[in-house]
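Both complexes below contain chain A, partnered by chain B and then by chain C.
Now for the complex of A and B:
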């Protein structure tokens, strides 16, 4: 272990000597201090805070990712190219120790820089907020909606499986389905239709959602909802929200005039949660004009429950970012031990790009034709389709959401998220990469004449 | 040897720079003559714009697309806080592309604003749309008529129109902002202070001499109201417009003039918390002339003629209800002469009555009571506010509606079932309702007489 730390120390010293750290620190300082001054929010205090968090930490993440990518690729590739590695491999260190030392050096460097950047961002945010004379309303909004970590709870799903199977069986029995219809697609379509029907609220009717609140809290709960309306215009729809068990005399009731497609929130007292940890929420459509409200089955209505302080959430966010940077370090050191610096850097950049366009790749996997037609796809379409499917499944294990999005809107970045990134990306994938990197490095001929 | 090569290379580079500088002017001139760009070359641009438009070359399109995708995704998820910045970047990456400016301004003013329940939030987004076009889009594209139209459209349609349920708030806020700027309904052009002129120019991009010119041509306009600003921007865009753009901007001018005639005078009574945009009869003749000018310049455009016909029809009703009978007759004569149809063959009074009769034919008892009572309340209200002409017009309208409605319901059984209460009784009821809603003793005293 001592040898690994010694190599890590060498890597850090080399980075400091080559001014990499100084340049990075300068770039980070510029990003943290100058960026909030140039970024335009939406004109609200909450918008300004969200932009500051999202953009400052986003810029920090980009700078550190690029630096990690470059430094990781250069760590071994440059030493091989400039023959410095000859000095190291003649010493009593294995190539696995060399690989791990370089990786740990990167990890330590990233940890220090991220801690400085994170600390400064956090301090800057509070300095901005403290020097402004905020109204009571603004302070409440910040305290309860933004500078907080709230767990997003979805309503218990309504089961439509039995009905879907019954309708499907009926359609088969009556031979309504054509021969070309694929049974799995038909069943999925029936399920989708039934789910959408179950989450539609016609005029003068009521729709019920039940939430299972995971932790007891005294802080108000927040209901967040979004719907579309059957009207083509976007006139607000009158509805009444009721929360708590129907038999309770103190049941929460709030009339709302809500614009379709917008995201709306309302606070509900926490004491309305039943002893079994459930919260019943009813929505009544009372719009004078007949209009149907349609909620998305997955996330049309959500409950936000206070979980922890903003500082803890901020720390977990940094931890996730560091985990992702460490994974990137492992990838770039591995590719650096396989290729020369330019090839390794380009390959890593390509791999990172593929990991970040997972959602687009997923859409592309659903396309069965690119140049042919739906009725007749050709060989090219088939090849492209399988290429997209392959790329999607290859990059899927590495695709993770950005922790900055939830942090900026006051949603929880959980410990399990951070543990997942460190467990899966760093330990498992990083371990595999370490094994592969060491294996390649072991077989690489370093004494070739140039 | 090495030093000599460096000196030679530097010399060649210097000559190339000098030659490029010399070619710049003729190239700009050619670009202008060939109408390759409508605006002047970008000068004194912020570093970000200069960098993105020159250094990034063709890649800026790709970056703009990625930012656009992010903006759409965020909007879909209801995360609007980044939209202003993203719109700013996207437009800066394509500063000469008018569609990009138009889309983002429209998206903020129309699509995003309506997603909020609160009028303050909605207004903030409409304002973002206005400032994006006015302060940035027109700065980089000063010769692009469509952008003037887009900006004018936000004033004409979003703020002045009633398609948005919260339009009255927008009108009120804009009026407050303009009243603070001008110190009244319109600038006192002869006594504008230096700071006032500067603020008009720097913040609102309003040129006082141009406003004066517009007032001479179309006014006096109430500059607290959005129609005046729609006219201003359309007027400014017209000098760069050709073909369809000219027609579009002219249409904006005469339609806004019609709007100004119908509700282009602001009645504000702060003590009574009253904010009513009402007819501005002073600009009625100029609105008429604006239509006539547009018809003469675009003889083949039937849509302008049908707009003109509707304007005159509404004007007859409006003048009649405002007790401007002579002018109502004059406009009606013009309407009959230009658009000879059977409905205009009768006189002005029968025309007004028949229009009302058509309306009243299928009206229910409840609706008729509401209409009569509403007109009577308006009459008493305007009397309390000191506008006797308007009060008399509404009184006349109420009585006409009552009479016409009761004409077909005179039979005792129908009268009892579907008839209206006596007009005097309804009038008294309206008076007491208005009196109760007033807060100042001065206004109440006027109704006591």
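Now for the complex of A and C:
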């Protein structure tokens, strides 16, 4: 370990003495202090908090990602280019130790810089809020909705598979499908239609959602919902929310007049959760005008359950960010050990770009044709399709959502999320990169004339 | 025990282009061995394959064909590397590290415990005369000073095999002398030294055997004496004689040879003269910003004996004050020439 720590220490010294750290700290300082002053929120307290968390930490993440990409690629590539590696690899140091040392050095630097940037952001947020004279409502909003970590629980999914298969079989039997129609696409469309039907609430009817609350809590639960209506003028819709098992005498009941397209919340007492951990929520459409409420199947109605303090959530968010930076470090150190600095930097940047267009690639994989129609798709289209599918599956393990989004809206960044990033991205994928990278690096002759 | 330290057999290295097509055959079927305790020189003009051979010995390049064993193992084996000290042609040090940090870093790569590392570091800095620069960054050093740090890092592990690529390059005559003395001191302790150099006089001074490479092949291999001795000629050196005795000797030689023998005064070499002058100047000065005086070979390298004095301070055969001036030397040469002329007539 002494050798690995020596190499890691060297990487840190190099960054400090070459003023990279000073420049990075200056950039981070500018991002943390200047950005909230230059970006105008929506004028609300929520907006201001979200700007500080989403954009400031977002900028910190971008700065550190670019620095990691460059420093990681340079860590070994520069030493090869300037022949300093000749003195390193002629000492009793394996190339795996060299890789690990450089990577650990980068990890330590990122940890320190992220801790400084995170600490400053956290301090600035509280300083900003403390110097304002906030109303009781604002303080409640802050305490219960923003500066908190709430787990988002989706309602148990209504299964439409049996119905979808039945309808599909019926359509095949009655030959209503055209020859060009692809069975998987037809089936997917049927499922989608059935799900939308299942989440539509016609006038004077009731729609039931069942939530499984993961942890026992005494704090009030929050129901968050959004819907669209069949009306064109988008008038508020009258509905009644009922929570708790139907047979309970203390069942929660709240009439609401809610506008379509907005996000609405209402608090529900935690004691309504049944002994088996489920919470039944019914919505009754009692609007005088006949109007259908349509809830999105995925996130139309959600339950928010208090999980931990904001400080703990903030820490976990930084941990996820550090994990992602560490993975980026592994990727860039690996590529830097195989190629020259410009080639390694470009390759890493390209790989990062591919990882960040996962959703776009996913859309492309759903299309079988690029030019013309499905009926006329040719070999070229198929080759391109499989290329996109390959790219999508190749980059899928690296695709993760940003932890800043949930943090900014008071949602939970879970330990399992952080563990997933560290376990999967850093240890598994990083380990594979290290193994493959050092295997190739071992075969590389470092004394070749340049 | 007497197994060769380096054993190269039919060693070949072919450099290839991007498409793996052979481009240059830098080393072409060379074989040689280096025995324990030997000082072995690798000579040759630029492009002769010296550096390629050294790099293969260090595991920086991989042979295309042939066998290569260093300390009875593959040169790429980590255990082999633990017993090697390497000074590259250029220093390749980290400019942002101080002398102390540089030696500490390389000491850590050899897994040396902190106490031993510190001890060796102090001894090495004293040996190379850079104790006063321990907290200066290497990037601020002159080439010669950086070279000395390079030499110190090569010796931090008390290696069994020291590989020196152009060890005196960039060094002043004092540094050159120190390196040569160091090589001899290490050889006395049974260390094996392989050096490559363009400076033939340096090689001649310290090497037991040399290999001369040209065009990737070994052109000559043997001890310095085997290669340089001219067995068909003799050289006589006699103390100062009375003129009459000298004339009798010359006459006898003329009669025997049938021609005029070459007669001159033996000369000390310029290096010796230079060292004496600098030593005189050093005694008169108390401070220097560059390389200070050496404290001799580091104790751990000298086998734990008392510090062995390097010949940076020349032996007190003559003090600078007693040295002849250039004019005096010219007059002595003229006197000798006149004497030989007069003896002919």
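One rule holds for everything that comes next: the second predicted complex is superposed on the first by the 420 of 450 C-alpha atoms of A that agree within 3 Å, B and C clash if a C-alpha of one lies under 4 Å from a C-alpha of the other, contacts with A are read in each partner's own complex, and residues count from 1 in each chain.
Basically, a contact is a pair of C-beta atoms (placed from the backbone, for glycine too) under 8 Å apart; a residue touches a chain by one contact, two chains touch by 3 or more.
If you're wondering where the values come from, they're calculated on a predicted model, not measured in any experiment.
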Legend entry - Three-chain arrangement built on chain A, chain B and chain C clash or fit: fit
Inset, instruction - Could you say whether A:259 touches chain B, chain C, both of them, or neither, answering first, second, both or neither? - result: first
Inset, instruction - Return, as a multiple of 10 degrees, the angle whose vertex is the Cα centre of chain A and whose sides reach the Cα centres of chain B and chain C. - result: 130
Inset, instruction - Tell me which partner A:343 touches in the superposition: chain B (first), chain C (second), both or neither. - result: neither
Inset, instruction - Name the contact category of A:235: first (chain B only), second (chain C only), both, or neither. - result: first
Inset, instruction - Figure out whether A:43 sits in contact with chain B (first) or chain C (second), or with both, or with neither. - result: first
Inset, instruction - Give, as a whole number of angstrom, the minimum Cα separation of chain B and chain C in the superposed three-chain arrangement. - result: 26
Legend entry - Set of chain A residues, in rising order, touched by both chain B and chain C: none
Legend entry - Complex interface listing, chain A residues touching chain C: 2-3, 5-7, 9-10, 13-14, 17-18, 82-84, 86-94, 445-449
Inset, instruction - Spell out the part of chain A that touches chain B in their complex, as residue ranges. - result: 39-44, 46-47, 50-51, 54-55, 226, 234-236, 256-259, 261-264, 405, 408-409
Inset, instruction - Could you pull out which chain B residues touch chain A in their complex? - result: 77-85, 88, 114-117, 124-125, 127-128, 165
Legend entry - Contact set on chain C toward chain A in their complex: 15, 55, 58-62, 78-79, 81-82, 84, 86, 88, 90, 92-94, 96-97, 101, 105-106, 108-111, 137, 153
